[in-house]
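What follows is a pair of complexes built around chain A, which joins chain B in one and chain C in the other.
Moving on to the complex of A and B:
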C-alpha cells in the first residue's frame, strides 16, 4: 500500500495516543536482554532491540490460556475469548512471518476462535532489521529478512524519522487517527531504498543451500544417522520448542476451585521433545527415543508444515539455538543433512 | 459440520446424559449416552467423541454403537486406565458428561457395499469395530460374506459376550474367536488372533478387511491379510494416538505428517504404508 513518514519527535505522542485505545506491547530491556512486555510509556519501547527470549507469539497463543470456565454441576461451560484491542509494536520480520504461519494454522480446517478472535483484535506494527541480531539468526537463508505482508504498519528507521509502510486498511486508519505523519518525499523514498539495499550484505546466508529446498532435503533425510547422533546429545528439556515462534502444540488441563464446583479448562504450551508427548493409555509411546523426537521436530519445521501450509515451519530467528544448552541448532543440523546428501 | 453446537469454540463440549451403564468385564464398561432433545450424533463407524468430565479432563473414545441403531443414543465402551476413564467408571446412570464430536474420519462404509468383509479386531479393538459390524449386520443384504475373527487375551476379557453368541449362531456370519490363554471354562480356540486366519478362505479382490487392535497385533495381522492377497487399500485399521484437541491443532496425535484426529483414526494400509511412525 502506501508509504508514510513519522518524525522521531512524533513517536512518543503516537504511542501515548495508542495507549488511550489499545493495550500496547513491545520490546523492553530486561536485564541484559530484551523481552516483549506491556508498554505504558514510549521510553520503555526499545525499537533498537536485537532479539527477545520469547517471541511475540505469547500475545496470540499465551503460554497458558483459559478456553472456557465451567460448573461441574450440570456440566455448563462458557467459552472465554480475549478480544481486547492490542497493538504489538516493533515486531521483526522473522516474527511477522511466524505469525502469518500461525494465522494459517489456526484458521485451517476447524477454526480455533480463541486464537482467531484474539488475532482479529490485534494490530501488528513491524520494524525492519538493519543489522543481524546475533550469530544465531539465519533469516536471510529462510527468506524472512523482509516481509511484504503480515503487518498493519511496518517501520524502517531512517535516522531522524521512520518510514512507515502501510500494510492494511486497519493500519492506515491507525496511522491517520493516532500519528502525526506526512507523505514520503522523493528524497525520503530514495533514503529508504538506500537503507534497504545497504542492509542486505550485512546479513549472511548461513545455510549452505536455499531454505526453500528444505522440504526436498528433508524428504531424503529420514534415515540419516544424524538423528541417532542427536539422541546422545539432546537433554529432552523442551526449551527449543518453548522459545520458538512457530511452535504451537499444546496440552489441555483442568483447574478446579477448592470446592470442586467451578473451574476452567486451560491450554498450555507443550513440547514434542518431552518423553510423554506421544504416549497413549495402553502404555505405547510412539516417539520413545530422543532421536525420533528430534527428527519429528526438524521434520515439522522443514517438511510437514511447509507441505501443509505452503510456508516454511522455521523462520530462522535463532531462538532455539540460543536456548539449547548442548548447542543443537537448525543451521548445524540442516547443513549436516545437506552435506550428507551432496557428498 | 458437527451436529453438536460448539458455541464459537471448538473446545466446549455439550452436556449429555449417561442413560445406562453396563459392566462388560472388570476393566470395561459400556455407557449409553443420550444427547439433549433427542438429537442424533450422526456418526460414521470408526469416528470418536471427546468425552469430558469437568475438573478431571477429556479422553477420546470410539463410538461403539452402529449409526443404524442410533435413535437418539450412542454407546461408548470404556476401559479404565487412568483419570478420565477411571472417573467415568465411577459414574451412575443419570450422570451428566460432556461430549464433543463426532470427530475424525471413519470407515468409508459406502465403498464396502457389495464386498465381503473380514473383521479382525483384537481386545478393546472390538469396541470401534462393533459399530461397523452392527451396521453391516443391520444392512446385511447389501454386503457379501461377513467374517469376524476376534481375539482376546483370556476368556474373562471377551467383550460383548451376548453379541458374540448371537453372531456365532447366525448362519450368515462366519464367526471365530480365540484367546491367548485359556482357563477351565474355555473349550474354544487358544492362540493369538493370527492362528484363526488359516480357517478362512477369501476372494481377495472382493474382500475388505477391517482390523483394529494394538500396534503389535497390526504387524502380524497385516502379514496374514497381505498374504491372502487382499489389496492394500482394502485393508482398514484404526490407529490410536494421544489426543488433546481432536481438531488438528495440538499436535499430539501426529503420525509423521498425518494428523490422526483428522485424516484418521481410520486409515487404509495404502495410506500409511510408507509412514514410518504409523505401525
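Moving on to the complex of A and C:
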C-alpha cells in the first residue's frame, strides 16, 4: 500500500497514544537478552533488539491457555476467548513469516477459534532488520529477510525517522489515528531504497543450497546416517521446539477443583522431541528414539509443512540453534544432508 | 479400597529427613483449607498430637538409613492402601545418600564423634528400595501445587500425573535466559519437571532434586557440563548431589 514517515521524535507519542486503546507488547531487555513483554512506556521498547528468547507467537498461542471452563454437574461448558485489542510492536520479518504460516495452520481444517479470535484482535507492526541478529540467523537462505505481507505496518529505521510501509487498511487507520506522520518525499524514498539494497550484502546465505530445495532434499534423506548420530548428542530437552516461531504442538489437560464440581480445560506448549510425545492412547510410542524424533523435527520443517501449506516450516530465525546446548542446528543438519546427497 | 471414598483417612510419617516437605504440607493446608474438607488427617507428628492407626493413604517423608526403619515402614505399607513418597529423601534417597559413597564408619565418627557406636546406620535408600510405592511427590522440598494436585488425583481414584519431561520445558515456557548463557551450569535438560523450573527462574542451575527423566541422555549432559567449563570432578559431583543412590545403583 502506501509509504509514510514518522519522525523519531514522534514515536513516544505514537506508542503512548496506542496505549489508550490497545495493549502494546514489544521487545524488552531481559538480562543480557530480549523478550517480548508488555510496554507501558516507550522507553521500555527496544526496537534495536537482535532477537528474543521466545517469538511473538506467545501472544496468539500462549504457553498456557484455558480453552473452556466446565461444570461436572449437568456437564456444561463455557468457552474462553481472549479478544483484547493488542498491538505487537517491532516484529522482525522472520517472525512475520512465521505468524503468516501459523495463520494458515490454524485456519486449515478444523478452525482453531481460540487462535483466530486472538489473531483478529491483533495488529502487527513489523520492523526491518538492517543487520543480522547474530551468527545463528539464516533468514536470507529461507527467503524471510524481507516481508511483503503479514503486517499492518512495517517500519524501517532511516536514522532520524522511520519509513512506515502500510500493509492493511487497519494499519492505515492506526497510523492516521495515533501517529503524527507525513507522506514520503522523493529523497526519503531514495534513502529507503538505499538502506534496503545496502543491507542485503550484510547477510550471508548460510545454507549451501536454496531453501526452496528443502522438500526435495528431505525426500531423499530419510535413511541418512545423520539421524543416528544425533541420537547420541540430543538431550531430548525440547528447547528447540519451545523457542521456535513455527512450532504449534500443544498438550490438552484438565484442571479440576478440589470438590470436583468445576474445572477448566487448558492447553500448554508441547514438543515433539520429548520422549513421551508420540505415545498414543493404546500405550504404544511410535517415535521411541531421539534419532526418530530429530528426523521428525527436520522433516516437519523441511517437508511436511511445505507440502501441506506451501510455505517452508522454518523461517531461519536461529532460535533453536541458540537454545540447543549440544549445537544441533538446522544449518548444520541441512548442509550435511545436502553434502551427503551431492557427494 | 481406600475406605470412605469421599473422605479418606490420611497419615504422615517421617524417616531420615529435615522435615521440610512436611512443613510444606502444613503450608499447603493453610492456603488450601478445602483440602481439610476432602480428607481426614489421623496422624501428623509435625502438626498434631492425636494419633489414629486406621489410615488409608500414607505420606512418607525421609530416606531409610538404618535397619530399624524397615520394620516401621513395612507396618505402614501393610496398613495403607496407598503409600506416597513425599520429597527427594523418600523418592531418591536424596541428600542423605551422599554419604553412601564414603566409608560408613568414617561418616558415623564425623557426625556422632565419640558416641558413634551408640547409633545404628547403613547406606541411605529411597523407600521404594524397601516397600512398594504407589505414588511419588518429588522435590527438595516438594512443590505445594504438586502436592495438592497429587491429593486431588488420589481422591479421583487416578494415578497422580508426574511430568515425564525435563525442567527445560518449564524453563523455556517461562522465557528464562538459560543459566548456561549466564555462565552457570544446570541439570535441567535431564531432570524431571514439575517445579516450574524454580531454580533457573531465580537464576540458579537445576541441581536435580526431582530426579532424572525416563531415558535421560546422561553422557551427552556430562559432555555439555564439561564443554561449558566444569572440570570432570565437578561434573561428577553435580550428579551426586541428589543422585548418589541412583548413580551407585547404575554403576554396581
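The rule is short, and it goes like this: the second predicted complex is superposed on the first by the 341 of 343 C-alpha atoms of A that agree within 3 Å, B and C clash if a C-alpha of one lies under 4 Å from a C-alpha of the other, contacts with A are read in each partner's own complex, and residues count from 1 in each chain.
Simple rule for what comes next: contacts are C-beta pairs under 8 Å (C-beta built on N, C-alpha and C of every residue); 3 or more make two chains touch, one makes a residue touch a chain.
Note that the structure is a prediction, hence the values are computed from the model and not measured.
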Which of chain B and chain C A:105 touches, first, second, both or neither: first
Chain B versus chain C as contact partner of A:54, first or second or both or neither: second
Residues of chain A touched, compared between chain B and chain C (which is higher): B
Partner chain(s) touched by A:307 [first = chain B, second = chain C, both, neither]: first
First (chain B), second (chain C), both or neither touched by A:274: second
Which of chain B and chain C A:340 touches, first, second, both or neither: neither
Partner chain(s) touched by A:290 [first = chain B, second = chain C, both, neither]: second
First (chain B), second (chain C), both or neither touched by A:233: second
Partner chain(s) touched by A:256 [first = chain B, second = chain C, both, neither]: both
Which superposed partner A:195 touches (first chain B, second chain C, both, neither): neither
Residues of chain A at both interfaces, chain B in one complex, chain C in the other: 256, 260
Residues of chain A defined as touching chain B within the complex: 67-68, 70-72, 74-77, 79, 81, 105-106, 108-114, 222, 248-254, 256, 260, 263, 265, 267, 270, 272, 277-282, 284, 286-287, 292, 296, 299-300, 303-304, 307-308
Complex interface listing, chain B residues touching chain A: 1, 7-13, 15, 52, 54-59, 79, 81-82, 85, 96-98, 214-215, 240-242, 244-245, 247-252, 254-257, 262, 276-277
Complex contacts: residues of chain C adjacent to chain A: 32, 34-35, 37-38, 148, 152, 155-156, 164-166, 168-169, 172-178, 180-182, 188-190, 213-215, 217, 219-221, 223-224, 228
Touching residues (chain side chain A, partner chain C) in the complex: 30-33, 35, 53-54, 58, 63-64, 232-239, 242-243, 256, 258-260, 268-269, 271, 274-276, 290, 323, 325-326
